[in-house]
């Protein structure tokens, strides 16, 4: 890769150099994902989906005849192994583009590394809004939304469906995501409905095996709404324990990441709880579920894994779609057989692509604009687990902090009327 | 009247219900080697343990050269000039015999340069001499675990001597040494002690050793000094013959 | 306790030929950026970890095992991160010194408590201290960044701003210099009177006391050294990696250090580095090529070493070398 | 022969303690084993029990035992009272005495029979049967250890320095118990180690002197012989 | 904090302590008898949970009554003890009893690493959940707060039964007495004919069964996922060290202290809840180096 960069740089220096790219044998991509550890609930489905989608893409001739080849790096092996492997993939493995990563912490580590290595990096799943708000990047892009629209969608959905609640408690995992997402949610809630009383804030340890004490306290506090942005085994445990002890009889749960737990939770998730998906990601996406492509992928995925999709599958599809779109656009715009890195980078500006959800566009600060889907759980017997009804899909552009603004500052400029100004597309189910 | 080197005043120690020392007042004069004899379990080792600070007495006090050392930990008592050799040798088993002595010498001389190798220290010749004195020069470079019980005993004493004490407490110095060597060892030991101006107190079961090498003998029985005197006075005393010596040496 | 776990105290010098071999090894390491540039970062991590492992090795020499030494590794790394964050443009040597001093200070504070304990309790108490620090790192998210940790920007080097490649090269050679220097220092320290007294804790504290030395103070001297060594390792790791996370302090990290120390040859300084290099290679390549079973491979590797080669890799190495010399 | 050693060497760690011993001890003999501290007396007994690294051949009652798993040896009829009595403080005196029978899996009736015999020989133990093992004095502990050794020691009883640390009165009592044992069952073989030969005078049939790991036959000591 | 919340915190603390105690019990039993601190104990806990979930899921899928989950928990625990605990002791630990404790610890650490991957290979990385047993017992409402009978009543009851039962077993049964004797003095035990090797094997299997049982009992209340063992082992270390190594009743008290400390912290000062076990451990050990109930070993010279 070093050689490649050197070549690229040399080419760029020559007036005609930009046209001198040969078609490679394959387009090598490195993808970091959790194959081990708790977050493998997202990582493994994303990898499985990526394998299917890459196969499909290559079956149709790849990108301008060049097949895509993805190799995976385990984020679960720890930050040292991850950084060395990331570098190895770029410098030795010849990866032209990297997809990294799931963990926000890893994104924070790898984004500057990608910048230093001058390799194009798509942050394909991590949620932290800070990266582009704190620094400018030339090589790093995000092919999905960040935490701000994800949380705003949850707040607005809550206020639109249950405007009269008075008290709220939060039970989030004690790490960056749990804290950051609560910051955004609370800031927005205080702007939109200042009279809400926050009666409890709990941050049990990441991976906590038992929430009995928190649930006892919540039962004593009796909040109208309980928010939890937890995911994976933690969310499963919390919801199971809470539903078993009847906490949902009196409180409405807002679970912005529960789409990824629906199948595992089965009948444990009672109807009437608010569910989100970090984007418009749902295996019964109301706008997409009748599309042939969508349907065929869903059945392919279910055949291979035995499960329904979770949102990380959609994020993986968006990263791959962005790759395809960027290369195709660069090839068309420059009229070349294969684009140089500079041409691909140029193509990223304002790029629009569509994965399994609505189309996504890349903004000038490299942030993706992605729609948000929220719904309410229903146990209607179609599946052995909860499905969503009263679905709303929000336009991402309205909910994302404008370019150059810090999310929390921007949210503080909003008022209660913002909720009414937002008009999502609504679906019965 | 000169001040005694070591003096105990009304020393009492009880373990559970047993009184191992019962109001012991004992003076040890400089330059006179004192042997302590007595039946097993009479409290002889306990007495050495108290004098060296390992056990704190229930009542009473211990004075060394006039200073009250009763409450001092062993390491402080050592620096005052009281060294100790043990019935079961207490050595650094993974070090060689010579290293054991060198470590003792560096503990004595203080620790200055942290990067100066043990083997470069000035005390090396002095320590080899000590080993030679206790007949162990030939095993100087052998690791202690490989040595026989008798050799370890002698090295244990040499380590104590390396500290250049004024008083040396020894617990059965010749047990475990072959009988043929005992006299030879004691000969050397007593000579070395007097050369270095070290007074010794030793617990001993071998009456011929006591007879030959002690300047004074104290008979320990039932937690107190029953009798004290010169070896011939004490060893011929009928009570001592009955209670302590038995008919062994007869 | 038998002496199988530790090599005999290194009071004698290795045969000249063996020393030559070690020198050749160092030269080979120094050539890595040119011969195999892609290994440079990996080796750099291994050297940083190796320094921490030497810290653990120091304690093994006194027969003690700490299951919490990642604490000092992590403290130093976090101090480095905090200093970088609060003093922009801080120099590398500034954070190296700050981190090492911080680790040594923490070693003094923790050491004053733990030197009273031996064996399992010593190990457990160290574990408890490290877990307290770990919990604090996770919990006080607004200060420590929680599980995501803190990013370290690249420090300047003697006032110069270096690019990534130059900085990494600098860091790499600094690591080699530190490894050789501190390794030499530790070996010398073992042979010194203070080091010798410290090591006697393993075999006979009673005699130590009767030499007029406080076993606790002797223990503290080694504990301080071990904490400082972990500190240097931690700061090297933090700057090489560019991020510090609470995982630096997690108990499995501490166990891993003991693991490497025994793997390399418990009690041997050179073994610690050899072990760290091998461990880092096995771990990285196993996690890349046998992602599902890399832990299992390492575990099995450790079992084989303990059961069949208690002298560790260095033991095998020296035995083979001695045999080779005998026949030639 | 009840017990025979053929060229037996034993070591603790790497230190050799016994060197090429050849000894034969016939049934019902009482043997005093005399030697200084560290001479190898205790190791001799421990070698019979299987606690040392041993070479050579040891036979007990015609059966080779040096290759036998150590915990199986007491079951053959060997009782052992170690020097430092080593009672189990978690159990009462009686439970301590019963343990060997329970470990050997003896039935209730047999166990009771043996317990009664032990009490016959050491009647004072009946009174302290319910006391915790950790709360008996040193001398009483020696008695309990003897009784415990008798539970399985139907053929061979090994006593390591039984008189060490006993007050004169207790020592007297202890040797009476040993006499009672011999009188009640002449078939038992006894090996007693002692550093002070005077204490066994008039009791042992035979004296073995152990010095630096080697054994020499001592003078036979019979009752009434004076010093 | 009023009386009601005080009692609620108490209930939560007890139910949490019960589970921790069951796991710590096995750890302290093994240490007490064998002087080995088994790092792989946490893995056995996790595997007990996984095995239960698989077994219960399979049997219930055949249409069995949910109440059958309870005997299946015991079956899983025994399987863990016999199929994993047994071979680990027999093939590995037996070879290192005369080695320094560092090496013993590392052997169990190696086993821990291996078992972590075994879990992943067998059960994958997705969380499992199987709460039939918990649902079968229903709920109980105290002071307006709903608890599951399983957590509030069953778990403490099981813990208490195990505590009393193990006590009885060790003091009153022949096998128990042989174990107790071996614990106190291995060589003296061997010299009266106790086969210490068999005692060790039995003890380790029993300890492993207790670890497995802890996992089995935990399984209906939590998600079973990779890494759960690594967390549990540190917690039960803390309990065991606080109590004093090898102290069975002590472990019960220490587990209660840690459980209560944690639940009260959540009511009063949630930030420190995670710190509580380690703080308690450090504070106790600083004051009493041998743990609350351990006795100091006298040094003899």
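Per-chain numbering from 1; labels A, B, C, D and E assigned in written order.
The rule is simple: contacts are C-beta pairs under 8 Å (C-beta built on N, C-alpha and C of every residue); 3 or more make two chains touch, one makes a residue touch a chain.
Keep in mind that what you see is a predicted model, and the values were worked out from it rather than measured.
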Exercise. So which chains count as neighbours of both chain A and chain D?
Worked result: E
For this session: Among all other chains, pick the one whose mean CA position is farthest from the mean CA position of chain E.
Result: B
Seminar exercise, completed: Quick note, more Cb pairs in contact for C-E or A-C? It is C-E
Problem set entry | Farthest chain (mean CA position) relative to chain D | A
Exercise. So what's the Cα centroid distance for chain A and chain E, whole Å?
Worked result: 39
Seminar exercise, completed: Chain centres from averaged Cα atoms put chain A and chain B apart, in whole Å, by 78
For this session: Hunt down the residues of chain D that sit against at least two other chains at once, touch-wise.
Result: 13
Exercise. What are the residues of chain B that contact at least two other chains?
Worked result: 86, 90, 145
For this session: Any chance you could list the residues of chain A touching two or more other chains?
Result: 35-36, 174, 203, 205
For this session: Enumerate the contact residues on chain C facing chain A in the complex.
Result: 37-38, 41-42, 45, 138-139, 141-142, 145-149, 151, 163-164, 237, 241-243, 245, 247, 283-284, 287-288, 291-292, 294
Exercise. What residues of chain E sit close enough to touch chain D in their complex?
Worked result: 171, 174, 177-178, 180-181, 183-185, 187-197
Problem set entry | Partner chain E, residues of chain C touching it in the complex | 1-2, 4-5, 60, 63, 65, 67, 113, 116-117, 119-121, 123-125, 127-129, 131-132, 135-136, 138-140, 206, 251-252, 255, 258-259, 262, 266, 292-296, 298-300, 302-303, 306-307, 310
Exercise. For chain C, which residues count as touching chain B in their complex?
Worked result: 3, 6, 8-9, 11, 185, 188-189, 191-197, 199-200, 202-204, 206-207, 209-214
For this session: Quick one: which bits of chain A touch chain E in the complex? Just the residue numbers, please.
Result: 35-38, 40-41, 43-44, 174, 201-205, 207, 209-210, 212-214, 216-217, 219-220, 232-234, 236-237, 240-241, 244-247, 264-265, 268
